[in-house]
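The following pair of complexes shares a single chain, chain A, combined with chain B in the former and chain C in the latter.
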Partner chain A sequence: MTLVLQTLLDGLVLGGVFSLAAAGFSLIFGVMNVVNLTHGIFVLIGAYLAWSAQHFLGVDPLLAIPGVMAVLFAAGYAYQRTIIQSAVDRSSLLASLLVTFGVALVLRNLLVLAFGPDFKSITPSYAFTNLKLGALTLDIVRISALAASLGLIALLAFVLYRTDWGRVIRATAQQDFAAGLCGVNVRHVYGLTFGVASAFAGAAGAVIGIVLPFAPPDEGHWTMKAFAVVVLGGVGSPAGALLGGLLLGLINTFTAQFIGPAFPNAMMFLVLVLMLLVRPHGLLGSAFGGSR
Partner chain B sequence: MTAIAAAPAIIGTARAQARTITFGGSIPLSGRAAETGLNVHAGYLAAVKAVNDKGGIEVGGQKYMLDLKMFDDASDPTRATTLIQQQIDQGVDFFLGSFGSNIVLPTAAITERARKPMVQAGGGSDQIFTQGYRYVFGFFPRASQQFISSVEYFKTIEPRPRTFSVIFTNDAFSRTQADGAIKDMEAAGFQLMDRYQLPETITDVSSVLNSLRAKTPDMVICTTHDQNSLLISRQMAATDTHVKLLYQTLGPQLQSYREALGRFANSIMVQIYWDERANYKDAVFGSAKGFADTYRSINPRPLAYHTAAGAACIVVYLQAMQKARSVAPAAVREALATTDVETLYGRVKFTKDGDGDPILLGPRIGQVQKGAVEIVFPTEAASAKTVYPAPKWSERS
Partner chain C sequence: MKGRTAAILAAGAVLALLAVLPAFVMPYHVRVGQLFLLSAGLALAWHILGGFAGYWSFGHTAFVGIGAFTAGLLHVHLKLPPMLGFAAGTLLGGCVSAAFAAVIAYPVLRLRGIYFAIALLGVSQVLGELSQNVDAFQGALGLNLPDIVPDAIRPEVFFYYCFLALAAGIFAFSAWLRGSRLGYGLAAIREDEDTARMLGVPTERFKVLTFVLSAALTGTIGAVYAYSLGYFTSGSVFRVDFSLNMILHALLGGIGTLAGPVIGAALLVFVTNVLLGRLLDVHLLVTGVLVVGLVLLAPSGLLGVLRDWRARWRRNERP
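Here is the complex of A and B:
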């Protein structure tokens, strides 16, 4: 029983990180129908910024999150208004797939130039402490990561459902033409959405950085995880990302514990295939799909 | 020992106009294997610079300067094979290895087919040396034989550990090395408790650690690559998963690994293939220490044993060319096959299959003590005594 509880706990912690890492990806996919293959690199940029904050300024990586989010918000907004929008205008949404893939390659190599190819690791002061609850062992870093993830996802939900920005983002996602007729500057909203999504990707990077060593080639891994979370949970809503992420975390740990540590990826893709066959919109469906 | 060639000065003084010997190949300067790829590459660069700065080498009465044409394969075997084939087509005759068995294996197939020698210090998987290749030479013993010295070491520990578990990832090197470790350990009387196979890229090992806490062996052996090793040890420390001996074949040799773990890195064991304090003579650098000094004067990147191995690849090539008195690939291959020479890296001799002699080129055993790696085995080369059992994580200082 203890083992089941420990595995459940480990799965929830891992899932929380996956949820946060996927929230931005889900938002962009839900609002703009753009599969953003740059997502993983934004996650890593967040991790590198948090590493820099700790390494050069001595700032705790979790406290650096607001700064990381601000930088990536600006970068995401500019990226959408220039490169992504241009690709969509000139060709199709498919072009954005290719463009984001290309930009990810370029950014990955720029990261190598800026930080070197060596893996980095963020070690906060509480990195090696743990909490014992009876027979259960809780790694403080991972618990902090889970708390930060849940807090940030709640913040994203607040932004989307309780602010004017969120209202126009949701309106644009549901009917961009109608939103435009109502006076919404749709292009600006797309930029805002990309900015918000990038900011949350960066925050996820800061959280991931305290949990795992990271290096530029890891970007593909985080894009893939985000894709899996979106397929599982559904597109566009923080709740979908949260549910998908937690589910993915639980699939990972329970498979590793009770089937074998070699099989989490195999099980993840098996569940993805089943989900696409049975419920292609994911568990919570598309947050904006009903009005389209 | 009489078979060892004396290490004559190979820096030439011929008066004839210099020609160029080009060494080609690919190396991970980016991608997952870049950290160690850069270390190997730094060794290649240091050796070429040292030779050229001294006026080149003389082979068969002709003076040669060295040229290095290494391209970034981005840790991608497909890209590496394309790069190697291109260089074969362009007439490159001598190849240096990439890093990672998954890259060395397919690229070696190409150089072998073209009958061009490859000397490498980046691939130890058994498959590289069991295909009947004649032109491929590796500094490391094949993975299944890399554990011989480790088992000998474990037998010397008092009180003698009895049980062990193995953690490895699903890639050619890690899996083969784990298989070899289990075979050698069981043959020596150690009892295997569990073997944990992980995906090639891991984000969490909590399930493995849960099992380890429930069923704790005396020793945990990880045949994982650097980044994965760090993740495992970091999670072990954070969850207070204690074993008497944590042994990782790769990881702790890197300064970045030790810095990331801080005091928690102390007592972790690692395979070490080279130590700059060893009393090796070398034809280009004078000695192991001479190499270390030269390297540090030209490159700020921390010195790793892969760097020394990279430099020694070129030293061995040059010795073979001088022995063959030729720069014809077939003649150099024959000379390489009978190489038995002391270099900055130690005494280099290849088996008939092309991998490093498991006794001469097998790993020494190191342990992190006070943040640095100390040699603890073999005894005659030891710079410190083993700390065993390792202190609990919270008691490490």
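Here is the complex of A and C:
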């Protein structure tokens, strides 16, 4: 029983991180219909920025999140306006896949050149403290990671549903043409969406950094996870990302615990394929363009 | 008709040139040629589904793996004489691939676009991990295949010709397919599946048939590839970069064209292995830059750009 509960808990912590890492991917997919294969790289860049902040400046990785988000927001905005826009103009899924794949390849190698190919991990000062709750162990790092993930997803939901930016982003997602007629600068909104999504990817990276080790070749892994989360939960909404992410986290830990440590990925894709067959819009499929 | 004769002559000339090439170049370059022919064959096999029917598979390496494992396990369990084993393995590799494709065809072909792409990526991932973790497949340990190369021929030359025969065969098959009833049906599916269905194209049957054909050809190449390696593990045949390169080569040359995948494979293999062969640190980086530049500057592939130029040139000629 304790084992099941502990696995459940670990799954939720992992799932929270997955959710946060996928939220931005889901937003871009929902609003622009772009499958952003650079997403995993943005996650890693966030992790490396947080690592640098701790390593060189001694800033706690969770406190570095606002800075990381600001940097990645700017980068994401610029990236969209210069490179991604051409793929959006062509409104071809494949163009967007290839462009982002190419950029991911470039950035991954730049990361290797800058930081080396080895695994890095961030060790905050509270890394080795843990709480006992009956027979369950909770280390502070994981709890704070989960809290940060949930808080940031709530923040994203707030931005999307309660602010002017969010309103124009949602309007553009529903119909870019009509939004344009109403005086929305669609290109600017696309840039904004990409910026917001990249910022949250970066934040996810910082959180991931304290829970798991990371290395440049991981980026594909994170992009795939984000995709799986989106397929499970549904495109475009933070709630979908949250649900999908938590599910994925649980699938991961339960498979590793009860079937075998080598099988989580196989299980993830099995569930993914089944999900695509049964309910291709995801559990919380929304009215966003990408889910249709 | 004149254009067609010219095209056949050109294809024949290229084939002849490729056939005599190994006699004149260094062994390393024969290896590069072998890699090029392998890539071209894979890209062509992928293109039957991705280019003609417009169903982009992101996990075609699954079939490479199935072909390779079929050949490997056949050898392990039956111990046929090498040459017979090679022939049987290649044949059976294609058949098992086709059978597997037929089984998964019904569910996955209901999906379209990115969802189909990812479903196949999932299939390849699952197969890769199963082959590694299920002991009966021996994927983690690796499988050994016997040396089948006759003494008179250098091994790289032997496999060069194997891959040449495969690539040329698949190319000829694609050429035939494109002009057949099936080919026209696939073009209709690619352009607008619902309309095609409404107009009486048996879309379901055509899609399944194409999927199975593409898988069978990929599986055949996979079996030969396994023999060319001699020893392989899961990791060496279930490779994401196989899946990606098939797409990339077809796209670089021009999706929907016959020669596109071959030209794309030639160019990319040449650039990454010969031009950038000495710069191992940056070669993936440069490949990335190349891909981005390609999509931004020549989204319809090299042959597409050529076609556009020709159209413009013709327009200018006529007042």
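Rule of thumb we're sticking to: the second predicted complex is superposed on the first by the 282 of 292 C-alpha atoms of A that agree within 3 Å, B and C clash if a C-alpha of one lies under 4 Å from a C-alpha of the other, contacts with A are read in each partner's own complex, and residues count from 1 in each chain.
Operating definition for what follows: a residue touches a chain if its C-beta (ideal position, glycine included) is under 8 Å from a C-beta of that chain, and two chains touch if they have at least 3 such contacts.
Please read these numbers as outputs of a predicted model, since none were measured by experiment.
Within the superposed three-chain model, A:Pro217 lies in touch with chain B and out of touch with chain C [touch as defined at top].
Of the two partner chains, neither chain B nor chain C is touched by A:Ala178. Contacts of A:Leu63 after superposition: neither chain B nor chain C is touched.
In the superposition on chain A, A:Ala87 contacts chain C only, with no contact to chain B.
Of the two partner chains placed by superposition, only chain C is touched by A:Leu276; chain B is not. In the superposed pair of complexes, A:Ala95 makes contact with chain C only, with no contact to chain B. In the superposition on chain A, contact of A:Asn109 is made with both chain B and chain C. Of the two partner chains, neither chain B nor chain C is touched by A:Leu133. Using the contact criterion defined above for the overlaid structures, shared-chain residue A:Ala262 touches chain B and also reaches chain C. In the superposition on chain A, the residues of chain A contacting both chain B and chain C are 108-109, 260, 262, 265.
Here chain C touches chain A in the complex through residues 56, 107-108, 110-111, 113-115, 118-119, 121-123, 125-126, 129-130, 132-133, 240, 244, 247-248, 251, 281-282, 284-285, 287-292, 294-296, 299, going by the rule given at the top. Those residues of chain A that touch chain B in the shared complex are 3, 6-7, 10, 13-14, 108-109, 112, 116-121, 123, 127-130, 137, 139-142, 212-213, 215-218, 221, 252-253, 256-257, 260-262, 264-265. In the complex of the two chains, the chain A residues touching chain C come out as 35, 83, 86-87, 90, 92-95, 97-99, 101-110, 113, 220, 224, 227, 231, 260, 262-263, 265-266, 269-270, 272-273, 276-277, 280. On chain B, the positions that touch chain A within their shared complex are 28-32, 34-35, 37-38, 75, 170, 196-199, 201, 203-208, 210-211, 213-214, 226-227, 230-231, 234-235, 237-240, 256, 260-262, 264, 393.
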